[in-house]
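Which chain is which? They are A, B, C and D, in the order written, and residues in each are numbered from 1.
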């Protein structure tokens, strides 16, 4: 197997250490062999040398909350039975934008796993993914938890679509005892193939609590028993507190609490516990847009002034934030759906392939140190998800996931957009060829 | 003040003691002076003697869960500003049917208190009532928690109707921390004039949890701090368990848990803790009707085979059940509302003035001892609500609330319907004159 | 009976003749005895003299399309059984604003007649009214034709409300043959007590045709057979054309045709036939507001650029327009109803007691001659409805309906608002006492 | 080209003449060369002989109202862009069931034409079809005229689906003058490629009239100007009468008039004018089912006792009925859609591939002569649609479309189901291979 050497660039290796100028990064197969100053790391004979002078090299970016399969009713009905095509395409959209790893926190499990594995085997290009499957305690997309279908659809259609999500851990779990919940979650955790568990601490769109404290503990215990990380969906201060008490590893959009600011004690428990907050961080520009045009839920719960205050306080308190887009790839006009208000809105913040740039801009805008921002989008995500042995930094032994940028992202956050090359598992992606199967796009045309 | 003597009847005094044949009950003003066999209790000279030979005398019946103000959208809009008329009428309907005391567990607080006091002062006839006001954590009748009004009504109408319910302890409390909840509940408990507190452990129609465990404890503590009883609305096994852990005094329809039977431990904690269960106990006849014609919620959550199983197990385990109709007085055709399925349905079980007869029939049908059934509808209710010093039995010093029946209710439960006289606070009601203000009925005609 | 003499004012008698300065108007009982210059009309001895120097006297204003009973779902449910209170109040609101006669073109027939007669007998103050009752072919307010009630209301409520409107000539007539329609309309015309007939040429909110041409002719013939005028609801060019062909006397909002301008031939047939057009004429200010904030129907059908174009062309062609507010008195916040978009919107154009001032302003704004505008709001309305023998002008023998204005309305249309006195049937209204039964207002307070 | 001889069968040639026993049918290429008794029609040497002794041969059946593309919202979203697959499959389902020709009266025009032509060219098997395209005056399937999509779908999805139907002759035509309608219809008739025109005389589900009489005449004239037949959708007696007056050639489900029987004069005008009635004729069994379980529209408008009465009267009066299924091929569970009530319901009457058997059974049940029933499903359809020169009977020169049955359909209507062979255009279909592209079926499996 050939060795590749990337030479001449400034290396931001994701460890948080000082930038290394005129660096050499040696890649051997799928992994990093060595990194360091050119003086310290000789390029082996026969190595393929990539001259990256004037560039910056960073670890492949990581998104702590992605949805590779979009969940718009139209799309789900249309692509039922072909969801893998959507997932492949989205995986490629992400990769092209420098995101080499995503954690898919809600989607059709079987199809996501199939694409995850196909990409891992190198059969198709795309970002690496880890898959959570269903949000335990919620029903599928065409249900009251998401898009109530009314009487427009035949029940069989609704059920067929939802079945790809639910896998035995849907809303009926809310009726059970903690033991009953544990039993169902155990079966799911052991047999589904999911990489991590996500459950509903709050109901999807409201402040009600989905699972009682002992039920939440049961879920987290089942995850940990199998060595999986656990996280919860929360949107209220109590949902958030309960999730922390239950022992969750990652607080999914833990910064969203409607109009009630996160209590100081909760922030302290986050910081002291070193618990990662996968935070939705809107730019000021987007907050303004939402205030004027946003759907009611976005205006009053999701992207409020309190959301922004929470983000600023979490950053100031030194909480460990994770880059989180909570985004998907929608068909061109999908964002006209009433829920989104109008085209363009979501593109500002929750669009896969775009939202991570905005996230990095927004955290900088809110006072985060640029190096911390970089780690929030790389090493911290890997660590929070227990994947730090393999990914998240450019260090010997790690998987060779990296992005070559045309400018210094620490100097100007817009430089994250100046992507010149993306390597995953030691191979450069053919950016011009991505997405190679533009399913959605092609059909819309 | 004149003394009244009821003589010759068989007395079932509500203490659970053996029936007293040829009894004398002496009433002095609003209270019982003495009871006993004729041989032991001389009738004072000048007493007004009521010859009740061949009759049975029981304490006035008590309903642990009534709604004196019906909450149908049509009625609320129509009678907005005049709700007291509805409440008075319902109070009279109850009294006429032998129910001398009701505990109103959800309704327009200010209006309920006004009628409560007007009746207490003797200005108008009607049953005695104790008032809970809003269910803490839920919004008013014209809200997603009950009847979502869609776009049919002007927002001002919706808000005006709901305002009579919410009084600062509505659904927005779910967003708060336990301390925030405590503060709002304290203000309500101290200033509203409510007689007891009821809160949402479950959301109204679904299995989600409304308040976290510490928030539930805070609510119960605030009630107890002021000497009030606390109860919660539950419909799931976890909602029920949390309510018990929070220290609630009365489990409101604690027998309803969807399709998941109450766990043995929970039944044990109810029995061992002597916690009262205000149970909805449908007759077999009504269960059959619901299974065939009922609204989805009734069929799948409220009146399931599990509901029946829970009732049988609670009775067998010796839990203390309270007579609970959860009923209201509806306009003649109101029960055609889609939620009720068809006219007549609710009359079988949740109709104020009728439902208590059916409840007594149903518990007998499920194996409860007839004497226990009588206590469930009298003394137990008074004790659970902390009112046993005044009401619930026919004993010296208690308020003189009693019903004269034409037959022995222990021998045949249908004899509860053979009401010959109803006394409340020492005065016989003029049954023929009730309801004296047939507001609803009159207008429908 | 006393004679009243109004002296010194400039008289605009509604005939279209030149203004008469220093006029005398003699009123004898309920009728005008004489009018003319002071020199020509001696004031009889003993007459009550009203010195109106500096004022202008005009005939009482007339609204060709009013709804004395507002039809908001909230109001109808709330005031069911008490609609006459609403109607009385609205009649007084109109009178106070100088409108001495309204033609009620859709409302609860029985209650409207009762108030009409009560006012006519002088038992309560209020404007004179003529009543059409139901729009033949449409169902009541709580129906798909107006406000579909969904599942919020019990069927009995919906039916009770609608029954006050339908009176046997509802939407089921659309299924019948022309003969079948005729039979039903005949029964209604002969027995209902309605003063004139209105039917649906178009469906209420859409461009479909309600009745076929022979059915429309049958309806108009039945009206004419009994000496009643006939009019139709139209909103499309074909609905309008068919109504004209059927022989209708008044084209109700005949100026509204969505986005398709009225064809030249239709305008010609209107002008040549001398058919009155009860036109909704919005001000430019209102059109702008609608374009930005209006409910979809208002923006795309009711108050479009085409509506404005039609109005300008009708005026230019010399069509006989009638002052038409199509308005009602709503409770203070009723206009927040989703259909109206926001408070204030309707106040600009369709508010009873206000809209006629705006109408007069709008026709002037669109180039109508000021004298023609006055006639459009007086004599023309009377003539179109066949009431010219009694009302519409200040001429000997006519009913003494007049308004004393503080300024010349021909010089400045805003002077219509400067109402100093209103006489109806020879009696001055006590303006300060109107409305004397502020039902709605009072209850809202 | 080879000659085929079908020998030995009893021939029912569709002319209405007496059955010919021991017949010979000679087919030369795509057409019939000769028919007659064996004695009269010698089998040419070299002919391929098909021994059909004991069988009956009838013309290929014809359906005067089919929908080769099903219009369920789920299906349309799912197969958007692939509708031709559905249409091909349905064409094959029809052919397999002995229906060699269908007239598609509402569907996606472009796709229907493509499949029509592909089948005509022999590239794929399937029934012959004639295509109407949109119902002029109605909007597409995801519109208020059919299935209002509410807020579930992005507007772009709704618009994309509807665009395949509307083609410039949608509901906006109702706003236009007759001339305006004519202009739009002319453009559609001249350029769309449709084989015939269908328009809305009634609105889709209600009794309102879609187009005024002159607009209806304009539409029919435009059809006739181009040599096309015209038909209208009607569901009321007036809609039906207007369609006849407009000159329509075929009355589409002219037997449906809600609960108002067709007037005698209208029946007379149908019979005297020889106008074909494409009638939905339910069996008694189906009528019973609808009365108990049917969707409201089916119960009160579509399949009422009046519908049945109309059918019986039309048959008795000698009206020319056309076999009309108004059916489609649905996915297995599609009939669970709320509109259909439950699976099985539609299968009784409106299921393509099945409904024609039920239609023939139903007309016999209603007293139609068996020979007349056969002509209603063959020659009469061809004549009504102006295609009698080519199809409808087994006569020399006609296209060789025929069905070989295992029993005499005149003796027992169930024998129509005993299909042994189906020939279209001179070629026997490979019945076992149909449907060859089971798109829907396959995907559901």
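By our rule, a contact is a pair of C-beta atoms (placed from the backbone, for glycine too) under 8 Å apart; a residue touches a chain by one contact, two chains touch by 3 or more.
What you are looking at is a predicted structure, and each value in this text was computed from that prediction instead of being measured.
Shared contact partners of subunit A and subunit C are B, D. In this assembly, the C-alpha centroid of subunit C lies 52 Å from the C-alpha centroid of subunit D. Spacing of subunit B relative to subunit D, judged by their CA centroids, is 63 angstrom. According to the touch criterion at the top of this document, the contacting chain pairs are A-B, A-D, B-C, C-D. Interface of subunit B with subunit A (complex): residues 171, 174-178, 180, 203, 206-213, 215, 236-238, 241-242, 257-260, 263.
Against subunit B, in their complex, subunit C makes its touches with residues 72-74, 77-78, 80-81, 147, 149-157, 331-339, 443.
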